[in-house]
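One chain, chain A, appears in both complexes that follow, with chain B as partner in the first and chain C in the second.
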Partner chain A sequence: MLKVSHMDTFIGRKRIIKDVSFQVKPGAIVGLIGPNGAGKTTIMKTILGLTKFTGTVAVDDQPVTENNHAALSGVGALIEHPAIYPFLSGLENLKLYSRDSDDMDHVINLLQMQTYIDTKSKDYSLGMKQKLGIAIAFLNRPQLIILDEPMNGLDIEATISIRKIIKQYAAQGASFLISSHVLGELQKVMTKAILITEGKIIVDKPISEFNQLSHQQYKILTENMDQTTQIFKDNRIPIIKSDDYLLIKHDLLFQVQDLLYANHVRLLELSPRGMSFEQIIVGILEKQRRQQHEK
Partner chain B sequence: MSFSLYQEFYKLSHKKIPWIMPLLLLVLMVFMGLVYPSQYGNLMVMTSYNTSDWILIILVITSSTLFSMEFQNNTILTLVYKAPNKLYVYLSKLIVMFAYNVILHVLSMIFTALLILTPINKPVSWMATYQYHQPLVVNMFATTGVDLITSLLIISLIFFMSCLINSNSLVITLNIAIIFMGSYASSDLLNNSSKLASLVKWNPLNMINLTTQYYSYAVTRGFTMLSNLQLLIGAAGYSLFFLVVGYLIFRKKRF
Partner chain C sequence: MKSNLVREFYKFRHQRIPLYGVIALLLLMLYSAFDGTKVSRLTISQGFGAGQWIILILITVGSTFVDMEYQNGTIVTLLYKNSNKVRIYIAKLMVINLYGVALLAFSMIFTMVFKVLLVGSQYSWGSIYDQRSLINDFSLNMLGSLIYMFFIVTLAFLLISLVKANAAVVGIGLVIVFFGSYFSTLLLTTVPSLKAITAWNPFNMIFVINQLSNSTYMKFTYLTSSQLIIGNIAYTFLFVVLGYLLFKKRRV
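For the complex of A and B:
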């Protein structure tokens, strides 16, 4: 569906996106995640042919260039802020982009916008504007939908509803590229995560692999936590400190037990501990920063 | 292209300004008819009650708003990626503005035909020979035709500046300054550079005098130093130049 190969994006002479390559297959929901300024929006804009770039972007094997968007006819997008005209009502905004009135009605019903669709969009709340922006992206039955921070300003009901719609469209074969700061929410829908920092992809994995990672830590509680910390430090055992316990990786389990036994430290608790998706991502980013600092 | 044109017409027709402006134009025409002495009746008809400058100001406000709203509302991103290429976006806006320009000129002629039936104007004969040995009605159509070229020059300048400058108010101010002061600036430039006058007379500001020179040849020819045809060619040439350069800037613009 979408194939990005060796994409370099420039702002002026500055290289913002560095040799980025990835694919979004039909029916896939790919999460583009990373810290602020990592380049997520720039990647999305580049896919939409809105910035100068080198490398290739292809949608259904048709190339996209900065000045040829023919391949984007089956693409819907919400980039940065909802693209709406305040002097038009929600319905008029949709009519401006719609090529099929039945499909437009379907999208309005799907997003439950019937009660305010005839109101001028300048009177909309942040959440209503966001929904309208998402509705524009879903118009004309797109095969690829690019959503930049789609959950911004949405209440819980709307968030759940959008999540369902995304899954429904994906089940029908549509592909998604979504960026979001609400990682927990993204984790619930995505099939693959691409982690990006400083314009480079550092992780591109199916979500199932992240889920495996989340069970790879053990919680340790001993009768002398200070001594335990010192033993681990002396033996170069990487740990994550919490208020009253320590976390270690599961592959170090036996080594840690042996060390504590050898040093006569009594274990009070040793139990597997799940890590949230957010903690995994933060951990990867911290590791990346450490490696760069060491270089 | 047809879908891009549909979008632009849809937006223009749903904004209030394009509907209010013709009414304002009528008010200004009535005002001009009242202000000018009755012996200028034929000239008032020929110039459609001196609407040239007013139409240019309306175009400045409407065109720059049409451009700037896309950046203010972040709609430019959707507009550009949904169009097959950036030329479609630029051309559709240009075509819509030129069509609006034509509508304003047609309305100014219709208003003129109505106003001469009122006491504002002393009775005139449409078929009486007036300037260029032509009937008054032909003079009016010809002046309108010439003014379409002058207004195209202003539209091209607005498009060029809107692509170059992000501030809508600055674009409006600069263009209104050009409309009102451009011909004086050009005249001063020509007076102060007598040795280079043959070159300076081709400056773009001089071309804004096209309509004025057409209906007031004896007065204007002296300070433009160009014939009607030369002004016409100059205005058309600069329009093309500003439109092409404006498009090249738009194409390179970062969204």
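For the complex of A and C:
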């Protein structure tokens, strides 16, 4: 199990990660999500003991520090780019870190890399390199696997295959910490989502709670959308803008109706609407920005 | 440590650059052999310039061997899978130094072959000149090159951790090889009153390659051969420590 407590990470004198605490339990698939520059990769690097930090990081109750990585013996990771030597073949890259040839063969078969595993990795496509990077992370049956944007460059078949493998390993007790910009893809596998902005965690919830949120929205369409937006803005009604309609939370339904009626805005459509995971996240981020702006 | 060494050797021997280094050494020694002047006893005793050529090759190969980890992003895996950064650093240093020893061995073989092909039996290995045999001078020059090799490899590692650009390190290496002795002489002649101190400047250390077999170099270095050896060893240790500290601090 991974336990991060009050983690502060510094780059130079700048505090990049601010008091971050969370857990990844055995068998859990935790999604680390947030906008560019939020600090996702830095959190992952800190867990791997690659940056200076305060607070504690522990894997199976064994602390990880910048100078002690003993606890990471059961951890596999893919950070930013696939870490491969172009002058080595895929197999040679795997051999560098493999402790068990049977397990190595298992990973090669699992990721369906048999046809090109003996080719020099400099000749690989982006997707093949990504698969090799993932294969390195899966070597030696790790108990914790950290994947930073694992779906980068993968085609649909490979994406589905990686998703299946992640679920399969998790079912066997491995834990995952995954960051991805492809939220829809992440939503299909993760059991918990941690939303981070500006180095701080703003949401840490099981995915089931996000799913509940997705049914608590109403779509609003009026004869004058600009005026409607302005009315909501003036009355501090949080909205999510789409191309040609607005979304509001279900508990504001009556307040919104009253406001539109009072301002003589004719309602064309008011209907319950499911939200995609992306829309929920965007909504949370917009709310966060608004709150910061008000402060 | 053993697994680090095995891993580094594995990576090193799977690259083409070590082979290119040997080929470059051969070509550069050929260049020294056919530079328009007659092959002399001095040219042979200096292994057709092998000392300076090996320095250049080692700077290039050494800095590339560290830099590739950052270029390929493999430094992340390398670091998180190791508790001790010093092991990674020392393992890499050992690989490059052993490669340097191999280059020296190749240069000795090339020298012997070139001598046979170019001058035949004109200069016998046992012939005495200035109370020393050719083989003695040659061996001392190779020993000097070996000592300076440790200096230059650790310096290359320090520089690549400092300037983080392989091309810049190679450029600095070229300056050291071709102008280092000039800088040293300049320094010594500019402030003659401080010769006792300035003689220990790092540029002066390159003379260990020649001075062990030719004590007349003392006129330029103002250090005895023993002092030059001590200076080289001291700088080597200093560069290892500073290089490691920079490597440890470098962001990934």
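The working rule: the second predicted complex is superposed on the first by the 250 of 295 C-alpha atoms of A that agree within 3 Å, B and C clash if a C-alpha of one lies under 4 Å from a C-alpha of the other, contacts with A are read in each partner's own complex, and residues count from 1 in each chain.
Definition applied: a residue touches a chain if its C-beta (ideal position, glycine included) is under 8 Å from a C-beta of that chain, and two chains touch if they have at least 3 such contacts.
Nothing here was measured: the structure is a model prediction, and the numbers come from that model.
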Clash or fit, chain B versus chain C on superposed chain A: clash
Which superposed partner A:L96 touches (first chain B, second chain C, both, neither): both
Partner chain in contact with A:Q291 - chain B first, chain C second, else both or neither: neither
Residues of chain A at both interfaces, chain B in one complex, chain C in the other: 11, 45, 48-51, 67-70, 72, 75, 77, 79-88, 92, 95-97, 136
Residue ranges of chain A in contact with chain B within the complex: 11, 45, 48-52, 67-70, 72-73, 75, 77, 79-88, 92, 95-97, 99, 136
Sites on chain A touched by chain C in the complex: 11, 45, 48-51, 67-70, 72, 75, 77, 79-88, 92, 95-97, 136
Chain C residues touching chain A - in the complex, by the definition given at the top: 7, 10-11, 14-16, 68, 72-85, 251-252
Parts of chain B lying in touch with chain A, wherever the complex brings them together: 3, 7, 10-11, 14-16, 69, 73-75, 77-87, 251, 254-255
